[in-house]
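Letters A, B, C and D mark the chains in the order given here, with residues in each chain numbered from 1 onward.
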Amino acid sequence: MAMTLAIARKIIAAGEAQAEKVGQPMNIAVVDAGGNLVAHVRMDGAWIGSVDIAINKAYTSRAFDISTKDLGEKSQPGGDFFGIQVADGGRVMTFAGGIPLKDSGGNVIGAVGVSGGAGKQDQKVAEAAAAAFKQGARKAA
Amino acid sequence: MAMTLAIARKIIAAGEAQAEKVGQPMNIAVVDAGGNLVAHVRMDGAWIGSVDIAINKAYTSRAFDISTKDLGEKSQPGGDFFGIQVADGGRVMTFAGGIPLKDSGGNVIGAVGVSGGAGKQDQKVAEAAAAAFKQGARKAA
Amino acid sequence: MAMTLAIARKIIAAGEAQAEKVGQPMNIAVVDAGGNLVAHVRMDGAWIGSVDIAINKAYTSRAFDISTKDLGEKSQPGGDFFGIQVADGGRVMTFAGGIPLKDSGGNVIGAVGVSGGAGKQDQKVAEAAAAAFKQGARKAA
Amino acid sequence: MAMTLAIARKIIAAGEAQAEKVGQPMNIAVVDAGGNLVAHVRMDGAWIGSVDIAINKAYTSRAFDISTKDLGEKSQPGGDFFGIQVADGGRVMTFAGGIPLKDSGGNVIGAVGVSGGAGKQDQKVAEAAAAAFKQGARKAA
């Protein structure tokens, strides 16, 4: 199974709906299995500085098959990955909001990245987007 | 008048429809008056190397309030802007596919960038996207 | 079909053999469908400045599904893609030595990039590497 | 004594064998005395985000003639080298997996870098690769 634009849009739509509930406009991005951008939206009023962050949270989650929240815990001072922040040309994001997306066989076929609010807000929106993929978009694919 | 995600989506939808007519999948991006990305899509099968190009054609068109086709003509060897290619950290694109978007008062409020085919194809898709903005999205805004 | 390290090694081995015939040590790199590096070798005595070039010729050939030789012709002054040289963060190589690799169904599943000599030498080595993929490695996959 | 592609391949082969024992696919890279890449492999299934990290762990180990594990300890907050993470254009990696390679006279002639798992896994694979160099490849050179 491969990521498509149609799937990416469903993931993003679910993220937008959650962002509206949270009350914080977000940047939401989806990448494919190669870590390359498939789609991105910046909701009205969302931070312009978060464009790259959302895209790169998605990249990071695919690049290491891990949520950026979990990677963040491992890359604190003293942690296994402290310093990974500067790898890959500055594309490695180590705070909540990026989640890898797995097909029904457990293969990572892409990732979603969200940026625009506090860590908990970004994470909540990313989780809603990832859940939509798992529950609907993935099956339809 | 300001660029919104809703307007950007209409612009992109018109570009996608034209890309399907042209028979070449495209990357299509819209930036706002600040040159910052509002939305991007990569149609299924479009070149992964064109993600950045589409985004940066849109950036370039807003950055200099000119189509990248026209800027391309001015930046050939011997031209006024030859060498501008390396400005702005490599974000200046000097070949067809980027068009600035003006509100009814003539103010540039953003730009569209298209990349995925030959110059004429990219330009045709960008023009369709820009026309949709002029004819519909702009009025609705 | 997906690129594997075993396939990449066969491609590289064929390139090395050809480089020895040509009498010019080379850098040879293979990327997968996502444009990400699978393997790279620098033959003894090959230019150190060609490490990135070989890797990025492979990237470019996959990023735009075209040989870098053909892209080079299209990106001369006055051409459709003049200026593409600075796109994608400086990763776009527009001179001979990069060739996309297609599976039996015609899908591009990666690319090979060669750098270390004159354009004709690089191209000859890349063609030998790509031919090995087509004739043997691809069938075995 | 100088690093050669033949030696680099033996180092990488030993790393691969250890990675299979550890059960985690890895990126493995070898650089020469100039810190320039000699060879790189990404084992099937290894993280795409670790390509650059493996190469740059090798670079870092040669650049400062120290293991990245040891450098990591010195570059924690409060340490002598805290902040070195952003030096050299983002190429300095400060977590386990990079080891300098010395000839029998004690001269550093290159380094190996490994990335693809937890710090202990990367380190174990790098140590196996470095040991192969010390025990066999180095003598043969």
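What we mean here is this: a residue touches a chain if its C-beta (ideal position, glycine included) is under 8 Å from a C-beta of that chain, and two chains touch if they have at least 3 such contacts.
Quick caveat, the model's predicted, so the values are computed rather than measured.
Can we say the copies chain A and chain B touch using the same residue numbers, with more than half in common, or are the two sides different?
Copies use mostly the same positions to touch.
State, to the nearest whole Å, the distance from the C-alpha centre of chain A to the C-alpha centre of chain C.
31
So, what's the distance in Å between the C-alpha centres of chain D and chain C?
25
Taking the mean of the CA coordinates per chain, how far is chain B from chain D in Å?
The mean C-alpha positions of chain B and chain D differ by 43 Å.
In chain D, what residues contact two or more other chains?
48
Examine which chains touch each other and state the graph shape they make (line, ring, star, complete, other).
other
Among the chains present, which pairs are found to touch?
A-B, A-C, A-D, B-C, C-D
Can you list the residues on chain B that touch chain C in the complex?
Going by the criterion above, the answer is residues 47-50, 52-53, 56, 72, 75-77, 85-86, 90, 92-96, 118-120.
Which residues, counting only chain A, touch chain B once they are in their complex?
4-5, 34, 36-44, 48, 51
Taking the complex as given, what residues does chain A use to touch chain D?
Interface residues on chain A, with respect to chain D: 34-35, 59-60, 62-65, 77-78, 80-90, 92.
Using the touch rule from the top, collect the residues of chain C that touch chain A in their complex.
So the residues of chain C in touch with chain A come to 32-36, 89.
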